[in-house]
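Some structures to go through are shown next.
Both complexes shown next keep chain A, but they swap its partner, so chain B is in the first and chain C is in the second.
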Partner chain A sequence: MLKSSQFNTFRTALSIAIALILSFLVIFLVSDQPVEAIMRMITGPLSSKRLFANVIELMIPLIFTGVSVSIMFSANQINLGAEGSFHLGGLVAAVVGLMVPMSQGVHPIAAILLGGLTGAVFAAIPAILKIFTTASELVSSLMLNYIALFLGNYILSYYLRDTTAGALTSHLLPESVKLQSIVSGTNIHIGLFIALLTAVFGYLFLFKSKLGYMLRISGENEKFAKYSGMNIVTVILISQLLGGFIAGVGGSVQLLGMYRRFSWAALLGYGWDAIIVTTLSKKNPLFVPLAAFFLAYIRIGADIMSRSTDVSPEIVAITQGIIIILIVAEQFLSGYKHKLVAREARLQMETEGAE
Partner chain B sequence: MSITEILLSPDFLFVVLRVTTPILFATLAVTIAARSGVFNIAIEGIMLIAALVGVIFSAKLQNPWLGLLAALIAGGAIGLLLGVLVLRLKTDAILAGVAINLMASGGTIFLLYLVSGDRGVSSSLKSLSLPNIAIPVIEQIPFLGTVLSRHNILTYLVFIMVVIVHFMLYKTPLGLKIRSVGENPHAAESVGINVHKIQYIALAMSGVLAAFGGAFLSMGYLSWFTNGMTAGRGYIGLAANAMGGSTPIGGLIVSLIFGIADAMANVFQTGASLPYELVQMIPYITTIAGLAVYSLNRKKRQERIINK
Partner chain C sequence: MADTILEMKNIVKIYSNGVVANDNISLSLKKGEIHALLGENGAGKSTLMKILFGIETPESGEIILNGKSVAIRNPLEAIKLGIGMVHQHFMLVPSFTIAENIILGVEPRKGIFTDMDKAEELSRRISDEYNFKLDVGEKVENLPVGIKQKVEILKALFRGAEILILDEPTAVLTPQETEELFIQLRRLKEKGHTIIFISHKLDEIKQICDRLTIMRNGKNMGTYETTDLTTKEISRLMVGRDVVTKFDKAALNLRETAVSIRKLEVWNTAGTKKVNGLDFDVKEGEIFGIAGVEGNGQSELAQVLAGLIENYKGEYRIFGETAKGLSIKDLRSKGMSYIPEDRMTYGIAENMDLLSNLFANQYDKEKYSGRIFLKKKPMEQAAKDLISQFLIKAGSFKTKVGMLSGGNIQKVVVAREFSDDPKVIIANQPTRGIDVGAAEFIRKKLLELRDKGCAVILISADLNEVMELSDRLAVMYKGEFSGVFKDVSALTEEELGRYMLGIEKDEGLEGIVYA
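Then we have the complex of A and B:
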């Protein structure tokens, strides 16, 4: 039998399994070739180097927003602005890339840092509003995401637009600013290392630094933190600035690594995806790459499935929703956990009694 | 025409009432749930699903009323589902709402493709719209007739709904129970109220109201479904409810303000005096500014009470 300390891992694994099984049931209901569809979804990403590379490419932005949201949520700030920070990060990287000529080595660094700073400022707005006016950071961050989108559309249409191109898109980004591919024949770029370093940094910050400790404490129990003499306002502000910075860097890296032009006319949704990554990783940035890999894998799998069968890839949205619900639902398996804890207590009492 | 002339024209006021409709339905939906003590962020997703369900059923059954009915049933059912998640499984209400919204935005694309083979727009479905209604006498009155007549039936309904929800909350035993459960569930329980049952009822009503708003978008405002057509109106409802102090009348006033902002975006869009992209921001900026001002006032009021 399980130990109660392993319970959470077991519960997460079971949640994923149930969500996948339910999604497969839906596929069976709607598809004429369900077995083939499911096989394509599960094994598709492994069928070629290029397809597996797609998984790694998709994992990169998810790591950034996942770490970002883990930090912001740890301070108990339900700031959903990672979406907007990511978008603005990409936008600013494009502006720097197209409008500020620089030499090869410095150009991407400047673009990414400025993208990160923009993301930080953006994500701090809901926190500042909350601190000074008590306005709900959830609602204001949701509104701000739309503002970020339309601001991006405005700058794209009026300042970056390549009028010779048919669709609404920017001029070609110069080579000097782009992130180089590290695996030949794929788009896996150097941003992968930046993402993994960010995850390690996020872990060290949240779990090994004094500031991170204060942040988690004030997130778990604001009153306790306040009476212990912590400066809650500073802690909250720093957490949101840092979270926004990481999401902004993610947007910049995504643009410079994966795109030839800036053409984001809609929000890309990585900020929302981050919520499932954060839920799976239990707000621990060290587990974020793993969760991001899983999500990227089923996404790419579903994409491959939709190309050769009659099932559309949005089936993954259903899988995701069920996973979030099962993991967050406190009552799910709570009876079983209770049994495990009670059994361990009994065993311990028996062994102590025997001594 | 100058801006003031446009803003005071009957056509503009007509548009205000029209674009206020979905926001006001969303606001009332948030209000009922909030009064029972549940933060219902799933309104956005419920509206989106209801918009699609209405289109599909009105097309398949060739009857807009049955389409509306199906949308309302779907909305109520998702409201109850949220109840099961939050009340029974003890899921965090915000994350449960986010999960429902994620499933709605992907799930509607999935369902639309399944039913029509289309991605994005339901153009191949021959769906029907709910009727616009000309009000006999009022229609003849010059200015007023243009503003008030020939609206979609759901636009009239939403203003009636404000009265109904107000009456329900403040003048009926059910409303009293909802308010007491929301304010202090333990006290409510101690006088024999079944707290969860009341919250389930409130969430079902909340889902039905949100579904009206969604059905209006795809069967009145437009006559088809497009991906993400709610465009944050459910979230604006959250803000409007907060600013309206969780009351139907307050929600009505704030929704009208947002409706004016939304209608102004429409006017400037055609007037081309401002870039379209900036005009699109107006309703969202208004919402944030309004929320900040309201929250600051409330904070000051509370501080004054404490300092007395």
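Then we have the complex of A and C:
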């Protein structure tokens, strides 16, 4: 039988399993070829190098926003600034790529760093609003995301637009700024390493550094942090600056690694997806790549399924929804947990009695 | 008289954090008796009563009421069965009148409306029947604690309670109010009610209870006739050893003035003035006790001293320097340490482990961290040392603090606050709600620190505690000091009680400041 210390892992795994089973049930209800659809979804991403590469490519931006949101949520800064920071990161990388010629080596570095800085400044706005006006960071960050989006559209339309192209899109990015592919025949680019390093950095920051310690204490109990002499204003600012920086870097990396032109006329949603990733990884950046991989895998799987069967890829939204509800619902399996704990307590009582 | 009204048999309750609160407990009540349930905090008394009142579900066990086995799944069922509970923290609606509170949930109706005249009449009738003499039209928020408690008792009686559970009813009362409560309880007993009286004040139990059941560590230590045991025997059964109630205090050795307060005025967030022109000094090497009924401005005073309230009038100096404009961190670096009264809100982060909780005030000291990173090894070693030095019962420093018992959580707070080289300690209700052993330990530590030259400001509603530890003792009443005593050993509880109730007031307050 299970130990109560392993309970959380078990609960997460079971949540995922239940969500998948329920999604499959839905597939059975709506599809004429349910078995094939499910098989395509599960094994599709493994069926070719290109398809598996798609999973890795999708995982990269999710790692960035996942780490970003893990840090901000750890400080109890529940907000969606990562979405806007990501978008602006991509925009600034495009601007630097198109308008500031540089040599091959420094061009992407400059573009990514500037993208990150922009993301940091952007995510700091809700923090500053909160500090000075106690405005809820959740609301202000959501609204600010629209400002980020339409600022991007404006710059794209008036400064970056390639008028010879049919759609609203920028000029071609120069080769000097693009991130190189590291696996031939795929789009997996060097950004994968940056993403993984970011996850490690996020872990070291949150769990090993002084600032991270402050952040987590404030996030768990702000009154306790204040009483202990910690500066809450610093905590709020740092978590937002750092979270925004990482999301901004993510946006830049995504643009430079995956796109030939900047054409983001809508928010891409990686900031929202990061909430799923963060929930699955329990705010630990070290687990973020795993969670991002899982999410990317079922998304690509669903895509493949929809291409060859009659099931639409939105089925994944059901899966995601159920997983989140089950993980967040405190009462789910709490009776079982109580039994585990009670059994261990009884065993301990008996062994103590025997001594 | 001798027939058994209620039996609880082999009750086992294990909480979700693994604490075995009730380990095979049996309890039997005779009709018309006052039965004491006593034990240290954390012994499982409250849990057992919550099971009886339907708030908690036991793992196993049986409840037999009037010879019939019953299942009590929620408080409504308990009330229907004639069981009433008066909680330690009153469950009253402050803006309602006494009558409205008494009939709440069982309102007499006229059409779809509550029949207020009838409500008042019913309330008055039951109040007179039990000789409580209440003005039922009065709003509860204006009532003193002793009266609120009477309302709680009436509320239970109105719902037909035959068995009345009183959870530490005297904890919030002055000695005078306690006397009055006892008169009322004896009257209830004469009318045939059965009362379960939870307490750990032995002299009160000797005074009023017929029989007593002692619990320790979730186990039943036996039921006795009150007259069969001496207080010493009871306390040994409760704690498992003899309890030190008298401490050997070293001679007073006063040094520098550490804290100096002049004309302090503080308002709470609702804008009510809670501290009204206090003056006092505290020197290194003494314990300055502040007694008083809770809610007379002690919390606000403590929060000003700890830097949590910055919006005050008057002067607060720490080692001669004004505290205005100093951050909590600045105050702490001057040696201020604070044991907050609400340890779950201010004292810990319950979802984090012991290690994280033990260093929140000192993690950035050189021994625990470099410029960027924490030093894992020294922190772990220090955590181990603190756990053993402060006798914290926990699996390891990785245990989540929320999993510990109240006494152990308080020891975590104390370990953290006392290990940061304190020079001024503000201890607000440092031993409230924790077991006798832990309380004794914390008191000893406070004395040790005093002898080492700490200035200790001890705010407590526990009269024994302030009288035993304080070198000087002031009584706070409605935001002011109503009295100050330089010779604490000559004081009696009754005398203190009069100052606590504001019956007596000392205008001169000689000795509150140092010349």
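Throughout what follows, the second predicted complex is superposed on the first by the 355 of 355 C-alpha atoms of A that agree within 3 Å, B and C clash if a C-alpha of one lies under 4 Å from a C-alpha of the other, contacts with A are read in each partner's own complex, and residues count from 1 in each chain.
Here is the rule we use: contacts are C-beta pairs under 8 Å (C-beta built on N, C-alpha and C of every residue); 3 or more make two chains touch, one makes a residue touch a chain.
No experiment lies behind these values; they were computed from the predicted model shown.
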First, second, both or neither for A:Glu220, with chain B first and chain C second: second
Contacts of A:Ser209 with chain B and chain C, given as first, second, both or neither: second
Which of chain B and chain C A:Ile18 touches, first, second, both or neither: neither
Contacts of A:Val139 with chain B and chain C, given as first, second, both or neither: first
First, second, both or neither for A:Arg346, with chain B first and chain C second: second
Contacts of A:Val233 with chain B and chain C, given as first, second, both or neither: neither
Touching partner for A:Leu333 - first (chain B), second (chain C), both, neither: neither
Contact breadth on chain A, by residue count: chain C or chain B: B
Touching partner for A:Trp272 - first (chain B), second (chain C), both, neither: first
Footprint of chain A on chain C - complex, ascending: 14-20, 23, 59, 306, 308, 327-329, 331-332, 338, 340, 345-352, 356, 360-361, 363-364, 369, 372-374, 376
Complex contacts: residues of chain B adjacent to chain A: 41, 85, 88-92, 94-96, 98-100, 102-103, 105-107, 109-110, 113-114, 119, 231-232, 235-236, 238-239, 242, 275, 277-278, 280-281, 284-285, 287-288, 291-296, 298-299
Footprint of chain C on chain A - complex, ascending: 4, 204, 208-211, 213-214, 216-217, 220-221, 223-231, 334, 337-338, 341-342, 344-346, 349
Residues of chain A defined as touching chain B within the complex: 30, 78, 129, 132-136, 138-140, 142-144, 146-147, 150-151, 153-154, 157-158, 272, 275-276, 279, 312, 314-318, 320-322, 324-325, 328-332
